[in-house]
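What follows is chain A paired twice: with chain B in the first complex and chain C in the second.
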Partner chain A sequence: MSEVRLQVQNLCKTFGITKAVQNVSFNINKGEVHALIGENGSGKSTLTNMLTGIYSIDSGHFILDGKEVHPKNQVEANDEGISIIVQELGTLSGLTVAENIFLGHEDRFVKYGIKNTGAMNREAQKLLNQYGFDRIRAGAMVDEYNFEDRKLVEIVKATYFNPKIVVIDETTTALSQEGREELYKHMNRIRAEGNTVIFISHDLPEVLRMSDTITVLRDGVYIDTVKSADMTEDGLKKLMVGREVTGDYYRADYGGEISKEVVMSVKNVTVPGLIRNISFDLHKGEILGFGGLSESGMHEIGKACFGASFDREGSVTLADGTAINDIPTAIRHSIAYTSKDRDNESVVMNQSIGDNICLPSLDTLKNGAGLLSDRKMKAFANEYANEMSVKMVNTDQFVSDLSGGNKQKVVLARWIGKDSDILVLDSPTRGIDIKVKQDIYQLMDKMRKNGKSIIMISEELMELIGMCDRILIMKDGEISGELMRSPELDENSLIAKMV
Partner chain B sequence: MGSSEKAATKKVAGSAKGFLILIALVVAAWVVFKILTPSNFGSPKNLLSYFEASLMVATGAVGFYFVMVMGMFDFSIGANIMLSSIVGCVLAQRFGLGYPGLILGCIVTGALVGVLNGLFYVKLRIPSMIVTTGLALIYESIANYIAGSQAPTLPSDLRALGAMPGNLILAAIAFIISYVLLNYTKIGTYTYAIGSNEFVAKNMGINVNKYKVIAFIISGAFLGVEGVLTISYGSSMVATTGMGSMSRNFFPTMGCFFGLALKKYGIPIPAIIIGEFFINIIYYGFVAIGAPTAIQDVIVGLALLIIVTLTTKVDKGEIVK
Partner chain C sequence: MAEQTKAVSKEEELKKLSVMSTVRSFLPLIGLVAVFIIFNVLTGGRMIKNMSLVMSQVYVTMIASTGVFFIMTMGGLDFSQGSILGLSSIVVCFVSKQYGNIPLAVVAGIVVGAAIGAINGFFYVNRKIKSFIVTICTMFLFRGIIKYLTSNAPVQGSTQLMLMNTDRLKMICTLIVIVIGYAVFRFTKFGVYLRAIGAGEKAAKFAGIRTDKMKFLIYVLSGAITGFAAFVNSVKVGSVTATGGSQLETQILIALVLGGMPISGGAKARFMNVIIGSLMYIVLSAGLNMLGLTTQTMQLIQGIVFLIFVAVFADRQSLQVIK
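Entry: the complex of A and B
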């Protein structure tokens, strides 16, 4: 029997009327990767945020190695031996890599109030080298590095002091395959050293592969703790959703003809440093997939088609000859776009759900006097929020209160309300649980059948294979291959063209 | 060690580029005015006096920079300079406390103003711009009350800090202190951290409110130093009211813009100092031409916009507020 590292006892947390965590109790052992899974809003992140001091605890206890811990911020949590790697960016611009790694712990380099920058940089570089991240320079501004490398800096920051518990909160969704492998390596190392990883992920195959034990939460309530070895993906889904996930997950049809009618034609599009000489046609009723490594340039394709790229060369034209060179033209001509970076580029966080949904459709929501009609806006927002079954109190609630999946539903509701004909969806299911994913897949299928055309950009190969009529694979800014929908298509045939 | 050497080279290259930009601006400004008015502008002696004028405002700017990096603003800097220099002058002269009274009086008053600005800002939880505008009116009135009916005047035997080398020594000490605070203390790191993302900074255990107050105190104390130099140079200070002190906000704020614009080259403090010199060259250039004040203001305002546009490289798609 393994030794218990952390006891979670009768933990509760409420936000207003929402009971985010309700009387949750379970144990986490030493030397294990303990996955925490559940749908969006199930309370996983709330629980770990309380453990790491980001949220306060309403009631209940965390007992770490027999002693109650109650950190008030991340630094106190670190002092107790607990650290966290968050889903989004956790490093601070304007500081060096070394300053980021030791933020809140500078005192060890401070003598008589003066910080020894040289010693700090040397120490940080030593750590980076130990982790095999030699190419990252401790003295450089962290701004000089891309998202992936900054995540690596976070790995060092969260683990260098050998913490007893490392929380990894949906970090893998933001990483490319190489980044994930790097993270897995360190998860295994932490476990081998007898410490514990609390691993939050929506990727169930990944959870089964990487974890020893899995605890399932649903709507803030503890459901079960199971051994990964005894579990299947379907079994986990059942525990998470509370019933069998019935019906098709992806679309089930094969062998359908793609319409000959071209709705958008992309010719020789180049965005310096990102994509080169890209040409393709999007057909009516087609789901066209773009796959590749995170840095392959595929995310720029979406921006280019929406008129949102800078210094774009080449042309994007619609069937009627309209050239799409800027965002207003794109929206006027019924093109919708959802960004991979949902929080920063898609939703207006500190605005209501209603405002977010109405934003591109304001012209149609005016009253007789040409002023915005409150009544029309409310009705419009309600209609499409309900159609997308957004989990909310009402449409006046701020988007910042919603979980990732519900934010995405708001974004989609916005474009469905606009009745867009061409949808460019960049990573539409990123960090979203299976139930909402299924909703989104079904919505896409329905739209396709209604003659809408969809460009789907995704790092999840399975969903590309499951949903697309055609998949274009990107490598180093160029299209490296085209694959047609087929039941025989598997991940390996895509990966072969990606790397 | 190859990588760290490369890092060092890159850093040097970056700062060299920053210095190059600054020097080019200074030379360009000098050349333009020298051509326009060769006789009464830009001799070495003239340049020295422009430099002395810029030293004064740069001492305030290097402190104010801490507030601006955090994303806050302060409309009371002019009132602070006025109030602290009047207090310093009164202590030195009427109370007979001499240089210690002058220097400490100015700096402590400036720092106290900073304490008030900071506390009001974090406690009232309203934008710093509004808090400091309100407080500026109060500081002006206090200064006016202390000054009484006559403008306090510093006797000539207490004005060594108004000319070379006294002013240079005091300014140099101020620059070194601000450089050390920014680069070699926790305060500097936390200043940048809070400016970058307050929420993350808070989660890292940084007491954000405390460091905001500290930033205002640092800013206030350095504006106090500017107060010492200002009254030593000009000998007296008129206590204006009704936001009359606002005109003193301009130069330190401009210097800070240079610091912020060239922050990415890793030389904010030198950028502030050289930037102030550049602005003073333009200012005195117009004086030399004999341009009316209104025209001067238009040109200086335009120069501000042009310089900040040229020196601030905004990344494509970056949001500017």
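Entry: the complex of A and C
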């Protein structure tokens, strides 16, 4: 058998009243890709954040190659041979690519107290070239590069010094197919060199394909460690949820006629630098999908329909002729929007769940004297939070305490409470686990049947194929193709139009 | 599954947590009572005997704090309060003397305050300059104007205005502002929107709040409230000199923080912060004064107390995200 690289022993961590990790113990071997899976809030990221010094350890130990490690920050973790690629942006704006790569390790290039920028840039460029990222210039500001390229910089930053353990925390959800392939290549390389990858992902097919061993966590508790070769997707789901996942994942029907009734008409919409000359109609009871690469401009379409685009040309009009040019008008005319940037644009982070749900509906929550009623607000928040089964203590809890999936539920609860007729959902299931995903898909299907119209923007091709009546593919800011719902539709036919 | 036991333990912990947060939210009140008792003991009961004198200093601060409380809840700051008070007081005194019409003087004071607030709001919202920079600029700008207007002699109010100097009037004026302020903050859309902007402006915008309009209006409103405080101030002092109203901005800031106001604003702001904070500030400064401390020592002590409170109430935890 292979040697043990890392022993996790009786690890615990609590945040306020939430027990994020409870007494977790398991081993990770050398030369393997070890996946860590579980639903949102199961403690995966908390565990790896303790390993990499982002959070402190409440109790328990990490034994790396027989020696206890207890890093206090990421630089110390790097020194121990542990590095991490995080879920969101992990590069710092305002620094060059080279400065990002060697962040915390600048001493190598310092002589007599002066940093030798030239040497640092040369070294960084050498690394970038080795990784095959020649197009990224080491001396350029990292801000000049898009999300994907910045992730590539992070890959270099996290792996150039041959660390014993590389943690990859849900990085793939934010990447396009191309970026993912790049990441997979380096995961395989790290394994081949006898080092270890801890891989966190919600994408179960990806987990099964890429990993050797899988450890499952649920509600902060260790459930099991299994060999990937022996597992199926359904088997993993069962371990994660603790019961059989039944029923349809996506909607099951095909061949339904799309209503002729147009509820929203988008004409010649242009947002300089992002989208050009976009026109389409949204029909009653339709789920209209937008697919494409992350930079294809599709995310801007959601904002444009919600009146949230800066500097938009062209028109967005509803069936009754109302022009949608700003957010309050959009909301008043029953349009809802969930952003891809959930933490900044969807939920008001440092506010209670209750206030978040009530925000657009305050006008209906007044008492006879025209003042807001605490009782009505509480009842309203509770009703819709429970309808969406938000996992919470009560509605006074702050949204910042919730996991990604629960935040999304709060946003959806807000718009269901508002009874919106047109929903613009940008990446509604991004970074969300299967059970909540299934809930959201079922909710969308129910809404569609109730005559609501949905625009679904997503980078996950499978969910577009599974849920949409019609899919518009975006490429370089323009619509490059239209595909109708059918059982024969597969990912390749979408990708062909995307690139 | 163990759902049941988990739910129970969660309930218990929630109780514990809510008890803790209740204790925390009462801390300023406990502090106020403690400070009050301590100073009464130290001064041999002189403070309680001179309560009406002590209270006479609280009104202006408390009224003006209400407006700044709104601004801070939304996440902004306002350093121009002292200059607003000074200039509005000049206008109140001038109008009362020139036209002999007190209601007109009150309205004129409010209009001038609101106008300065609008200037603050314009540069803050339309020119997108940080609020503390804008208001520091306007603080100097209007202080300059005050100095120019008072360069020959202090601006005197009318005799009628000075005759109105009773505790009852000042208390009623303060009560009106406090009651309306509380109702607006707690029971209107305006209040919820304020907190939402403070807790996450971008998300608030995406929830349909016209954030720019709100931010502008809050500065206008806060200026208007301080313009009203200028009436109470004029009644009390009778005439305005070049330093009229100066230091009010720091008094307000210290008062709000003493009252438990989170310095970053947001959903944890409580209206109680205004009332307790202003009272605490006045008890503290009057008490130190009665003990015969010099102004320098008083400032030193105020600085230390201020630092301690900011350290205790700065909201670091809500920024932590569990994944």
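Quick note on the criterion: the second predicted complex is superposed on the first by the 492 of 499 C-alpha atoms of A that agree within 3 Å, B and C clash if a C-alpha of one lies under 4 Å from a C-alpha of the other, contacts with A are read in each partner's own complex, and residues count from 1 in each chain.
The rule we apply is simple: a contact is a pair of C-beta atoms (placed from the backbone, for glycine too) under 8 Å apart; a residue touches a chain by one contact, two chains touch by 3 or more.
These figures come from a predicted structure and were not determined experimentally.
*Asks:* Could you look at A:A252 and tell me whether it touches chain B, chain C, both or neither (first, second, both, neither)?
*Replies:* Neither: A:A252 stays clear of chain B and chain C.
*Asks:* For chain A, which side has the bigger count of touched residues, chain B or chain C?
*Replies:* C
*Asks:* So, A:G139: does it touch chain B (first), chain C (second), both, or neither?
*Replies:* first
*Asks:* Per the contact definition in the header, classify A:L103: touching chain B only (first), chain C only (second), both, or neither.
*Replies:* A:L103: touches chain B, not chain C.
*Asks:* So in the superposed three-chain picture, is A:S346 touching just chain B, just chain C, both, or none of them (first/second/both/neither)?
*Replies:* After superposition on chain A, A:S346 lies in contact with chain C alone.
*Asks:* A:L92 in the overlay: touching chain B, chain C, both, or neither? Say first, second, both or neither.
*Replies:* first
*Asks:* Between chain B and chain C, whom does A:A119 touch in the aligned arrangement: first, second, both, or neither?
*Replies:* A:A119 sits against neither chain B nor chain C.
*Asks:* Does the superposition put A:S403 against chain B (first), chain C (second), both, or neither?
*Replies:* After superposing on A, A:S403 lies in contact with chain C but is clear of chain B.
*Asks:* Would you tell me which residues of chain C are touching chain A in their complex?
*Replies:* Within the complex, chain C contacts chain A at residues 1, 6, 10, 13-14, 16-17, 183, 186-189, 191-192, 195-196, 198-200, 202-210, 266-268, 315, 317-323.
*Asks:* In the complex of these two chains, what residues of chain B are touching chain A?
*Replies:* Listed in rising order, the residues of chain B that touch chain A are 3-4, 6-8, 10-11, 180, 183-186, 188-189, 192-193, 195-197, 200-206, 263-264, 316-317.
*Asks:* Which chain A residues qualify as touching chain B in the complex?
*Replies:* Chain A reaches chain B through residues 53-54, 73-76, 90, 92-95, 99, 103-104, 106-107, 110, 113-117, 121, 125, 134-135, 137-141, 310-311.
*Asks:* Which residues of chain A touch chain C in the complex?
*Replies:* Those in contact with chain C are residues 15-18, 20, 40-41, 44-46, 49, 87, 219, 242, 306, 308, 327-328, 330-332, 337, 339, 343-352, 355-356, 358-360, 362-363, 371-372, 393-394, 398, 400-404, 414.
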